[in-house]
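In order of appearance the chains are A, B, C and D, and numbering begins at 1 in each one.
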């Protein structure tokens, strides 16, 4: 297929490579020249001159860092008015539910099909075509772009007919991962307070009950207190917790664990952890019990 | 080996059967005649006339339901004074850290080796020799009783030289499981509030990130709201959360997730969930947002 | 003094009346004709034709309902550019810290003195000149407008030289009041759970320890469960809790009580309390224990 | 009246002095000789040789430090069996609801009238006959001992016919005071984070809205960070929060503010505040935002 790709940061570039490897023709764009440089030499990838230039062909995938970046590109005056109506826009980046709604509405107004297809997975997993795609929007449109997902992902999950439902599922999943981090932090603090090695205790619990990569990887980081370099930094963790709180607030839903997460990310930021991995939230429980040394 | 077994309830009886199958001679006792009946016909198992009668041979395993039951047997006057000093006592039931300390001290006073070896696993897993044993206490004594663990468990984890360290690891593990339940409850409530199927959303998240039995099983129960019959009832869930809070309180450690769990179990009990599975804690988030119907 | 007044809702109109009674000449404006009607007949009050028309004389006081209303008036293009530089602008409405900063910056750019002077007190107290004014900004400017405060308030508190410090103090004070409401709710629920009259128990505690109007009034409302008509509605309570959380987030400060308040306002809104007084947050604790009937 | 007094610590001794001043004959006892010395020279006070010796006359008042102390005296074998049935026992110390029930039951079994009459007030207030008494139990018995309350207190509040209802009211009141401390701590932290003086901000808020001694006194301590010497130490604060949580747990009532208080007292204890006043809980919010210096 002919596909545009807007936003080729750490995630986007490996997705582009997999699309090209899968035989798709990709026109990539990013506002950062360095990012473009990473993809320009891949066979089957051409460089677009602007976001508008990339928005064409069978489909365009966007992978921009946050709500503001997305809205400043796609909701800029005339952008969608001038975009081809036959191109399906698939946003695969994490965005707020509100942003998903605004984008869906704006595309609808111009007769452009908009899908939301957030992913679970980090760059390493994207590189191995090991992403999980949460597709939401018109089922017929999802059918048409399925070959693109197949080129990038281990599995596509259809979570609903309304784009924002992908965002809700993604936000809910990230919330569960963040809760896992805090839970491991509390378990590790309990271990340390009783003069045990948090690493051993987490290995035991994870090996016994939770023997799956996300627990093994983060359990290891928390057990060894190895929070740099950050795979996903703590400010992004806070952003995610806030996405959950905002989405829940819209529907009058209190989420007490998410409130604790927000408070604890702030605590970590106040203690200088802003460049650390979000799993450093686990150290908050230790600090409160004066166990951090 | 010759081994006594005190407490043959739902867990104890399958452990006894596996010990016998492994070639060990077991003398079992329980205060409940019905429980005894379950094990008396197993080949290699004889019935003891009292807890004291069962306390002998190479080792004795106890699997009593709670602190009070343990203390009323083992700390009763003269019980340990009259017990043979060559028998290693292995307590495999979940107990508070304080109870573990009291038992360790009392056994030490009478020169009897006391091990704590809590397990992760439910009766079905015990039946399949699929338990994980968290052994703590004298390493030499653990070495001696290792054949018993091998007859019952998938793996033995050595978590420390002091008995209570097994209890700490067990309490920490149960805390992590309970946090998983609440986290799934919050995710499910978010899904439902946005008119999505909690079952589908949890399946997607679990299948993508947390593809391990404990998540699949509980994710299914929560997704389908199937909380009866209870595998592990909600009052036991509250008891576990309190074990974590008490253990943490002793060492001046605040555990905000555990505090939320306690509050939410109480909320569930106040709404008539006392006979439901502890995973019914997941419904508290829904109820707070008036989504329970 | 000659003073403009922008925003003559329930609070603004009684403040205008007191200014006029104190001998000041007031030109009032509001976007709602009905609101204007309330003040147009007061002796000493004239009606301005627009916000720009009201912005003049010695000082102009604004009392608009929220951030958006303030920014849409004062940050509209050219508004401040055309405003007289000799008029001191005193914003007395509750606004976010960020809004205070944006307004202060915009006024500064045009050489107009901007003060923030939030108030504690409700319309009845304003009517009795019983407000407390929290003045922040240039001390010399506060000195000049002090006669205006004297005409409306029981006391002026100088809380700092930077306008937003008034907003911080106001937000902190409202947080303390909201915490009082939740605390009374938890106390009342405990009383009811033990078959006691929440009204009697709150009267006893308030009469013994907290014998001051804010406790007596809200203690009575909570004791009698009398939440309608709303003096200050629950959505405004949520807005206030969020002002505190946002202000704190900017400085990496977790506020666990404020997080509980937010969650409980959402719970109340989910149960249909949106037209009730914010003191209805007190019923959340009762509902969680199934005591609400 | 002829009255025994068991427990003449810091509070008990000033109560004894006021009883004597009011013309009552007091026979006082304490397990600590030093405590006895404080009251032995007061005119109208004689020293009893034991708790049993003090338990007689028209009434006996107990003011022991905690549940254990009370139960070890009054539930000791034969104590109540040998006590005179015509003496009304008035327990005025703070005890758990459970302890109140156990004592009421034991007294009832021996035909002795038992009242619970917890007080609000600290030693200085007791010295000025400025206590508030929360009387619960048989109304006729309360009538009979009213002269004793009148000699010690500013006011007697009748809160119910069942003794434990006094304990519930007392626990609820202390919870409200502790919530006030945490709320002031969060307000003070917000002030400091915005470079304002917590002392000034608290004075402003208290002077505007909460102008009553308990706020003025604690607001001053928190504003000035003056936590030593402790009027009521932080461990007692934790004990009180736990009394509330236990009482609520018995009736399946979650109290989220009380859970936060418990967590924050533990945090304070972990940071070396055990000899500080319980109002030092206010510093936890500051520490979490790295504002403590």
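To be clear about the criterion, contacts are C-beta pairs under 8 Å (C-beta built on N, C-alpha and C of every residue); 3 or more make two chains touch, one makes a residue touch a chain.
For clarity, every value in this text was computed on a predicted model and none was experimentally measured.
Asks: Using the touch rule from the top, work out which pair, B-D or A-D, shares more C-beta pairs.
Replies: Result: the pair with more contacts is B-D.
Asks: Specify the chain most distant from subunit B by Cα centroid.
Replies: Chain C.
Asks: How far is the middle of subunit A from the middle of subunit B, if each middle is the mean of its Cα atoms, in Å?
Replies: Measuring from centre to centre gives 37 Å for this pair.
Asks: If you average the Cα atoms of subunit B and of subunit D to get two centres, how far apart are those centres in Å?
Replies: Computed from C-alpha means, the inter-chain centre distance equals 39 Å.
Asks: Find the geometric centre of each of subunit A and subunit D from their Cα atoms only, then give the gap between the two centres in Å, rounded to an integer.
Replies: Here subunit A and subunit D have centroids separated by 53 Å.
Asks: Could you tell me which residues belong to subunit A and also touch two or more other chains?
Replies: Within subunit A, residues 248, 252-256, 260, 263-264, 266-267, 270, 288-290 contact more than one other chain.
Asks: What residues of subunit C sit close enough to touch subunit D in their complex?
Replies: 97, 120, 132, 134, 155, 157, 159-160, 164-165, 168-169, 171-173, 175-177, 179-180, 182-184, 186-191, 193-194, 196, 200-201, 203-205, 207-212, 214-215, 244, 247-248, 251-258, 260, 263-264, 285, 288-291
Asks: Write out the stretch or stretches of subunit B touching subunit D in their complex.
Replies: My answer: residues 248-249, 252-256, 259-260, 262-264, 266-267, 269-270.
Asks: For subunit D, which residues are in contact with subunit A within the complex?
Replies: So the residues of subunit D in touch with subunit A come to 256, 263, 266-267, 270-272, 288-291.
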